[in-house]
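Presented sequentially are two complexes of subunit A, the first with subunit B as partner and the second with subunit C.
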Partner chain A sequence: MPLSTQLEAGEEQYVLIASLDNARNLSNILKAIQFKDHATFLATSNGIKVTVEDSKCLQANAFIQAEIFQEFSIQEDSVMFRVNLAVLLDCLTIFGGSAVPGVTTALKMCYNGYGYPLTLILEEGGVVTVCKINTQEPEETLDFDFCSTNVINKVILQSDSLREAFSELDMTSEVLQITMSPDKPYFRLSTFGNSGSAHCDYPKDSDMMEVFQCTQTQTNRYKMSLLKPSTKALSLSCKVSIRTDSRGFLSLQYMVRNDDGQICFIEYFCCPDEEVGEQEQ
Partner chain B sequence: MRCVVATSNVKVLGKAVHSLSRIGDELYFEPLSSGLALRCVNSSRSAYGCFLFTPLFFQHYDSGAPPGGLEDSSFRCKMGMKSVQTVFKSLSSLDKTVEKCEIDLNPGGNRLVFQLHCKYGITKTHNLSFQESESLQPVFQKDGYANVLRAQPRLLADTVVHFPPSLEEVNVTVSGERVQFRNHLEDEQDASKMMLTEMSLDADEFESFQVREETGITFCLKELRGLLSFAESSGLPLSMYFDQPGRPVVFGLDDPVLEVNFVLATLSDEETTTHRERNRSRPPQADTSHDDFLSDDMDSYMIAMETSAVGGAEAQPCSTGSDQRRAREPVSAACSSGSKQQRGLESESEEEEEEELPGTPPQKRFRSLFFGSVLSPYSQGANQTLRNQEVLAEASDSDPEEQEEETAKK
Partner chain C sequence: MRFRAKMIDIGCFNHFTRVVNTISKLTKTCTLRLTTDKLYFILSDKVANGGVSMWCELSQGNFFDEFQLEGVSTEHNEIYMDLAAENLFRALKTAHNAKSLKIKLTNKHCPCITLAVELPSLSRVSRVVTHDIPVGVIPKKLWNDFKEPSVPDFDVSIYLPPLKTMKNVVERMKNLSNFLVLEANLNGEMNLKIETDLVSVTTHFKDLGNPSWGDNGSQDSTQDRDPETMMDVKVDIRKLLQFLACQQVNPSKVICNIVNKRIVHFILLHEDVSLQYFIPAHA
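On to the complex of A and B.
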């Protein structure tokens, strides 16, 4: 096998080695959180977590568990580095972005530790490409301190219906208002744009509603520009969980099924918009 | 005011909005006792479209007009076209997901509420702001036309597809046996550098081919495309009413529950000739297009202006002073205010020129839609006395040639 022979000599040096038969299982999920150029990689024995943040108000995480990889070995407790996500994705899709049936790109990702570049070895149809991407000092990622005990309201919806609602959102509205309540309107997405207000209501007994656990009426507003990138994750996912805690922080969790039917998760955390003006009902 | 539209018709409503969006930026919404009228006019007032949905179209229809009253409608407004389009954004999924669409005026009376009841219990509510407006209604009589063609919309759509999407104007020439579609060239354009497309259709390709006057008209294709796409999806036969150049062409769709009319201005022969002459004698000036309107032969053109705000009474001719102004924007509801004072005409026309500039396409030779006489020639004389248009102030640099013409006709 071409991949293993190349690295045999120095394999013991590598702090992290991860292999995938289909690189798309990684690239697709990373594309869903690519709203900023840089991402922080955190690898543990559980797998890899990739984090992208924006204006200290939004954080997106993609989790690729160790079980997804055909080979996953890590020599330290945790390995963390920062890398240019756009460059990484360009390399992962170096053989072309579109999916050709029956043809997959194999990937071997190697990292030697602090200060070393991230090495990607990609192979498709007998052609091998080696990419070395410079890594950067990892930055502390925000801790939204979102724990399940603080969760006030939670719904799990099938992504199909939410996808349509999101694509029809009035983009002239600066905020997206989310209302969750044990009483009507149960779950409501509202926008306040140039033409007026628009609301999209999901009843608690809807077929699209898998889980409805709302204990208190909460209305929170989030900047539309921050939530817009989450639509990519929504389009990949089959289910989405929407939770708000006592501070009004929003957690969106997307369940994504990859090409091989394995489950990965993408998570978005968002702070509520500070300026709470008059709320149109 | 309340209307409820059932499943399959929601898509028709959405398509109507989208096809009107090809004309202009504002949608005029007027619930009449005869049905819901959605109308639009373009900025240069040379294209108008109207969809009238009769009460049969709706699951429930209440125009809100007091019964037996003089007023045909209790409420009329205009909204931004984009706002209404947002309600019917994903056309393709409308018939699959939407079960019902309700249109109401909210209790506060300041928002028009479009509520879509969708599958799985999902409800989408749009509270749109609107502006109260006067009615938008040109006067045209389809029975007054010499030529009437009727065909399946597929035929016209297939013809139009051969013209580049950027093509603005198309020329349609008809004889007893056939009709020819040709792209229209501006005088300034060099024919040898342009691609010329010409298509001929035989009379037997039409469902009905009635030609009493062999003529050729030129109109703007862009605004028509919106109607063609609607017509194709509805499968209703499309009728075309026209005769001499200068008189607006009417495209209509008829159905028991829906009446569609698109009225487009056509280039008049006279304008084309004078423009060519003028081009030879002096270089075209930026203001030429505006001067044309002012120095138009007012007497032979009726300003067809009516607003239903006037109610059952006949359209009243407004004070002559305001005629000049309405010559520019005949579709506006200037008439209803009645008490339009005659301002210093000089300043008015200047103002109009400025107003007109952004809206009017440069160097366009189109007559404003409502200049064309829409009454048949023989009744023109009788109505002449009603609408005595006096040109009270000539534009200072209007063609002396044209002035002579006017005095001759008066």
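On to the complex of A and C.
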């Protein structure tokens, strides 16, 4: 039975309806920002932005444009709600977590507005599952006030190389230090762990470096514990852009290709670590 | 009491190992009942199991080439013993390419089931690996605790959907809730439902088919009932998942009998082995 006939009677009531032939195009990207239990959903005619925050220092956003969905209709300018992300992911993957070749789960997501649960209708192989997830009062998400005019340094790297570097990072280091400069060492990742300091340099003319726009030497440290969740987004992505602004705030933007080859973006914003002692070069 | 048996066919070793593996996934300890014709793995419904019970029955002739049993008496030519299925499974795993497997009841410091696995070897003399699995022999006066359960007077009988699909769904539901409502009707429809403060999830299965039980008293009482009416049982999710996960291969059909609000009864038939599993409704 096609999903659309299930809700025919009540479809006029919904403020948001979004359908996907392959639920993984949503669940995979949400898994990459699942480092906290709760997420804020913001839907506009452009699509859906899902935000997860940690201790007012880190924010991750996943953008799924309206074009990704097979059906996307919104009755208000913007629709916002907060939901338990772990519960949502368990529902999106109700037919199993691992991908079986040739088998996809279809999804229809409906939201009736403030005070109503988020309804998911999932179908795989003729079996239909209906989930109603309670929504909560949306909380204001942080505005990191990161705009491109304040960007001092920017590089775009192919994710493969950064994945390697991240997997070898000394996790006993409390901070990850990022140095970006028009001069040597150009782009350097440093750690200061139990075994001492370690540096990983990327020359500006390296094959992996797609864009190198550094105007000023900047060295900033970020708490390793805050950046660790970003490795999930890194492993899904094909390219990553790393930018810092005049305050030392970090923006990581990941370009992710989904199962159908469509592009989605994940963005991480991180505040620099204030408790910096003598900076080691 | 005496018991000795011998298995020489590789297919039989593997089949028997799979059965014991299934049992070990359902319960830590169980009762093994030996008769001249059959082996039974039994779990009776104690509070300690959460009221779950199991009855698994196989014909010894399908597995053993030699089988000799002298029970507690000539009148009661059977032996009942407690054992940990996991121990038996681990011992059997070593027999997967054995030349022969001998099983006997022995007394070494305590009663044991002793497995002697004859392994292939390059020299003329075979290597024999011996496993001693401690068992507790159960005296005849307690045999009444292990009676064969009768098929309950069910309200609905239905075939389960493919176990793998059902297991995937129940596995996810287990992250969300401790209890699940299993409901089904005489129209081949089954729903799995969970409901908590955070979320409610319902999975709908259709066209499952209802087995016919012929001249069964239960069937008569259901004939007047609307086939759309759902009968349900609320069960502990972990117990249901344990049953769905115990089989490594997909059996041909699993029958599910529901006594409304009381108990769910599963009957699994695979390769001449029958397994019944009962889960009572959560109080």
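The rule we apply is simple: the second predicted complex is superposed on the first by the 280 of 281 C-alpha atoms of A that agree within 3 Å, B and C clash if a C-alpha of one lies under 4 Å from a C-alpha of the other, contacts with A are read in each partner's own complex, and residues count from 1 in each chain.
Simple rule for what comes next: a contact is a pair of C-beta atoms (placed from the backbone, for glycine too) under 8 Å apart; a residue touches a chain by one contact, two chains touch by 3 or more.
Bear in mind the structure is a predicted one, so any value in this text is a computation, not a measurement.
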item	value
Subunit C versus subunit B on the shared subunit A, clash or fit after superposition	fit
First, second, both or neither for A:D170, with subunit B first and subunit C second	first
Which superposed partner A:G126 touches (first subunit B, second subunit C, both, neither)	second
Contacts of A:S197 with subunit B and subunit C, given as first, second, both or neither	first
Partner chain(s) touched by A:Q65 [first = subunit B, second = subunit C, both, neither]	neither
Partner chain in contact with A:N112 - subunit B first, subunit C second, else both or neither	neither
First, second, both or neither for A:S206, with subunit B first and subunit C second	first
Partner chain in contact with A:S161 - subunit B first, subunit C second, else both or neither	first
Partner chain in contact with A:D90 - subunit B first, subunit C second, else both or neither	second
Partner chain(s) touched by A:S235 [first = subunit B, second = subunit C, both, neither]	neither
Gap in Å between nearest CA atoms once subunit C and subunit B share a frame through chain A	7
Subunit B and subunit C contact sites that coincide on subunit A, given as residue numbers	none
Residue numbers on subunit A that touch subunit B, as the complex places them	161, 164-165, 167-168, 170, 194-203, 205-208, 280
Interface residues, subunit B side, partner subunit A - complex	79-80, 82-83, 86, 89-90, 93, 97, 111, 120-129
Partner subunit C, residues of subunit A touching it in the complex	84, 86-87, 90-91, 93-96, 125-134
Interface residues, subunit C side, partner subunit A - complex	161, 165, 168-169, 171-173, 175-176, 197-207
